[in-house]
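Both complexes shown next keep chain A, but they swap its partner, so chain B is in the first and chain C is in the second.
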Partner chain A sequence: MNEILNRIAQCVEFGKINKTSPYPPGMKDQDGADELTRRALESGVKPDEILENALIPAMANVGNKFSKKEIYVPQMLMSAKAMNSAMAHLKPFFQSGETKRKGKFIIGTVSGDLHDIGKNLVAMMIEGGGWEVIDLGVDAGAEKFLKALDEHSDAIVGLSALLTTTMENMKKIVTAIKEKYPASKILIGGAPVTKEYCEKIGADFYSPDPQGAVNYLKQLVS
Partner chain B sequence: MQTVLKGKTSEVTINTNGPVIIIGECINPTRRKKLVSTLQKGNFEYVLELAENQIKAGAYVLDVNVGFPGVDDVKLLPETVLAIKGKFDIPLCLDSPNPKAIEAALKAAGGKCLINSVNGEEKSLNALLHIAKEYGAALIGLTMDENGITGDPEKRLAIAEKILERAVKAGIKEEDVIIDPLAMAVSSDSKACIVTLETIRLVHQQLGLNITMGASNISFGLPGREDLNSSFISLAIFNGLTCPIANPEKITASVRASDLILGRDDFAVRFVEYFQGRM
Partner chain C sequence: MITKTLNIDYKDLKLSSSMIESVLGYKEGDDREYVKSLIEETLVESQEISNIKAQFIVFNEVHFEADTKTVGINKIKFQVGKIVFGQVKKADSVAVFLCTAGEEIGVRSRNAMKDRDFLKGYIFDIVGTEIVEAAADLMQGDLEKNMRDSGKKITNRYSPGYCGWDVTEQHKLFQLMPENYCGIKLTPSALMDPVKSISGIIGIGENVKNNPYTCRLCNQNDCVYRGIRERMKQKV
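== the complex of A and B ==
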C-alpha cells in the first residue's frame, strides 16, 4: 500500500497527470496520478490515506521547493494538474462526507485587479494542503467576499493583489469582513504587500509565498 | 505613422517604422518599496535618481506612476511631474487609474504627454478621452474591456479598433492612439506570448498604429528572466512593437540590436554608441 501512495506522491510532485501525458519526459509511458489513484481506491486504500499520505506531503514538497526557487511556476502548475487528476477520484468521498477536509478557504484577487497567477498558486497549494477552496476569481470586491462568507461562515479568507494601486482595496475588504464577521481570519499576499501593511489594515496574516499560507492554515486548525 | 511627444522643449517621435523608443518603467512603486517610503516623506530625490539612471540607460520617455495605498495621487502625481520637469527635459507617460490624477498631472506637465491608459470599457473611455483631447495628449489603449482579457488576438484587435474609433470621434488624432496588446506571464500559460505577438502583428498591419506594452512581466515565475524578456522584445519588435514600457537598464541592448538587425540603424551608429558609452 505504501508503494502505491509513494508513486502517487511522486506523480504529484513531478507533475505526471496520467499515462498519456508526455510530461515530465522522464516519466513517459508510466501511469500517472489519475490511474494510480483509481487503482489505489479499487484495491481498498482509504481516500483519507491518499489525501494525507500522498497528496498533502507531495504538495508540501512542491511548495517548499518553490519557496527555495528550486522549481518555478510552470512546474507548480504541472503538479497542480496532477493533484487535480487525483482529487477528482476523491471528490465523491468529500461530497458524501466520508472524507473530511481540514476546513474551507475563500480566496480572490481584490477589486480592480485582474492578476490571477499568485492567487491561483495559493489556491492550488491550499487545496493540496487538504482544504476545500472557494475561488472568487479576480476583481472581487467586499460584497463578493461577504456573500461567500454568508454561505461558508467558518471559512478562512485570503486576499491577493499585485498592484500598489489595487492593494488599497484590501483595506476596504478587510474592514467590511471584520465588521460583519469579527472572528474571521484573513490572510493577504501579493508583490506589493508587506507584514507592516497587513498589521496596519487589521488583517491576520501575511505570507510572502504560497507555502507560508498553507503553513498558517495548518497552524490554525492544529 | 508618427506619434510626437513633447517635454518642455524636447520632442520625441515614435515612428511605426522604428527605431524603437523605450519608455522607462522604473518610477513605479510596485516592487519598489523605497519609492513609497521616500514619496511618503515628500522626498523626490529617489524619483530623480530613477529618472536620471533611466535616461542614461536609453529611455526617451519616462512612465510616472505614484500609486500606493493611502496616497492622494491627485496631489502627488503632479508634484512628482514638476520635480522631474524641474531637472529633466523629457516627455512623460502619466500612469494612474484615477482620471483626476491624470488631469492634474497633465496640467502640471505641459508639453505633450502620453496617458497610461484607457481600455475598451465605456467607463474608461468616457472618463479619459475628453481629458486627452482637452490637453492635447496622446494615449495608450489597452486591448481589454468589460469582459476582461481575451486570449483571441482577433478580439484584442477588435477592442483596439473600438478604442481608435472612439478616440477619433472624440477629436483625438489617429496617430495619438498607441495600442497595448497586453503581455501576460508565459509561466502560467505557454500560449500567452504568442497571443501578444499575433495581436501586435494584426494591429500593426491593419491599424498601422504605434504599439507599446509592459515588457517585463512575461517572465514572471521563471528563471532567466532577462534572457526571456530580451528574446520576447526582439520578436515583438519584428512584429511591430515600437515603444515598450520597460527597464532601459536591462532592455536597451536587445532593443538596439533588434533595430540594427531590422535595417533601421545605418552603420550601426546607435548600436555601437550604446556599447561605447558603457565601456
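== the complex of A and C ==
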C-alpha cells in the first residue's frame, strides 16, 4: 500500500497529472496521479489514507520548496493540477461524508483588486492541505465575505490584495467580519501586506507565502 | 489639446518566449522545456485573439499643489501621492492615456483557471500583462518622439493603483476621456474592463525627466513595474 501512496505523492509533488501528460519529462509514459489514485481506491486503499499519506504531504513538500524558492510558480501549478486529478476521485467520498475535510476556508481578493494569481495559489495549497475552499473570486467586498460566513459560519477567512491602495479595503472587511463574527479567524496576505499591517487592522495572521497559510490552518485544528 | 490613436500590431510588440520565461522567474540553466512549449503556444494564440488599442490626450491646462500632492488636469484634481507628484510636478502639460490588449486574453486566462488548467491560465495572464505593457511602451515612445520635435521631454508613465496613487482616482481619470475610449469601461470599484488594460498619466515639459520607477520608496514587492525595472537592470 505504501508503494502506491508513495507513487501518488511523487506524481503530485512533481506535477505528473496522468499518463498522457508530457510533464515532467522524466516521468513520460508513466501513470500519473489520476490513474494511480483510481487504482489505489479500487485496490481498497481508504480515501482518507490517500489524502493524509499522499496528497497532503506531497503538497506540503511543494509549498516548502516554493517558500525556499527552489521551484517557480509554474511547477507549483502543475502540482496543483496533479493534486486536482487525484482529488476528483476522492470527491464522492467527501460528498458522502466518508472522508472528512479538515475544515472550510473562505478566500477572496478584496474589493478594488483584480489580481487573483496569489489568491489562487493559496487556495490550491489549502485545498491540497485537506480543506474545503470557498473561493469568492476577485473584487470581493465585506458583503460578499459576510454572506459566505452566514452560510459557513465555522469557516476560516483569507483575504488577498496586491495593490497598496486596495490593501486598505482589507481593513474594512476585517472590521465588518469581526463585528458580526468576533470569534472568526482571518488571515491576510499579498505583496504589500506585512505582519505589522495585519496587527494594525485586527486580522489574526499574516503569511508571506502559501505554505505559511497552510501551516496556520493546520495549527488551528491541531 | 492633442489626441492620438495608435494602431499597434502584435508583431510590433516583439514578445518572445524568453521574455515571458524571465517574468516567470526562470534563470539561465533552469530546466523549463515544457513551460517554454506552453508559452510558445500561448504567444501564437495571443497573436490571434489580442485586440491592441492605445490612445492618449495631451492636456495643457495643468496645475500642481505641493502641500496636498495634487495634480490638476482640466480642473479635475488628482491626489497622486508623493512618488507620482515628485515625478510630474515640473510638467507644463500632461498626457492621459489608455491602452488595452483586448477582452479575449483575460477571458482565456479566467476560463483556463476555471477549468483548473492553472498553468495555462497563469501564462495567459502574464502574456496579457506583457502585451499591454509593451503596447504602452510603444505609445509612450510615440509621445516622446512627438514631444521631442517641439523640444519637450516626458516622464515615465504612472497609473492609479501603483506608486501610492489610489486606484479609485481612475474614475476621475476616465472623466477626461471620451466615453468608451479605447473600448475600456470602468466598474464601480474602479476596475477596468477588459482587465488587461492600463490607464494613467505622463508628464510633459522642458524640465521633466524620464526617471526609472522609484521602487525603493514603495513596498509593493510584486508590482509589474518593479519587475520591469529589474529586467532593465539585467539588460544594462
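What we mean here is this: the second predicted complex is superposed on the first by the 222 of 222 C-alpha atoms of A that agree within 3 Å, B and C clash if a C-alpha of one lies under 4 Å from a C-alpha of the other, contacts with A are read in each partner's own complex, and residues count from 1 in each chain.
To be clear about the criterion, contacts are C-beta pairs under 8 Å (C-beta built on N, C-alpha and C of every residue); 3 or more make two chains touch, one makes a residue touch a chain.
What you see is a predicted model, and the numbers here were worked out from it, not measured in a lab.
In the model built by aligning both structures on chain A, chain B clashes with chain C. Of the two partner chains placed by the overlay, neither chain B nor chain C lies in contact with A:A82.
With both structures placed on the common chain, the touch criterion links A:K171 to chain B but leaves chain C unconnected. Of the two partner chains, neither chain B nor chain C is touched by A:V214. Between chain B and chain C, it is C that contacts the larger number of residues in chain A.
Of the two partner chains, chain B and chain C are each touched by A:G112. In the superposition on chain A, A:L159 makes contact with neither chain B nor chain C. By the touch criterion defined above, A:T194 lies against chain B and chain C together after alignment on the C-alpha atoms of chain A. In the superposed pair of complexes, A:V73 makes contact with chain B and with chain C alike. Note: residues 72-74, 77, 112, 114, 117, 120, 139, 162-165, 191-192, 194 of chain A belong to the chain B contact set and to the chain C contact set alike, using the contact criterion stated above.
For chain C in complex with chain A, the residues that touch the partner chain are 24-26, 30, 32-35, 113, 116-119, 122-123, 125, 160-162, 164-168, 187, 189-191, 195, 218-223.
Only residues 69, 72-74, 77, 112, 114, 117, 120, 138-139, 162-165, 167-168, 170-171, 191-192, 194, 197 of chain A touch chain B when the two sit together in their complex. Against chain A, in their complex, chain B makes its touches with residues 28-31, 33, 36, 65, 67-70, 96-97, 144, 148-149, 185, 187-188, 190, 220-223. Residues 22-25, 72-74, 77-78, 80-81, 84, 111-114, 116-118, 120, 124, 139, 141, 162-166, 191-192, 194 of chain A touch chain C in their complex.
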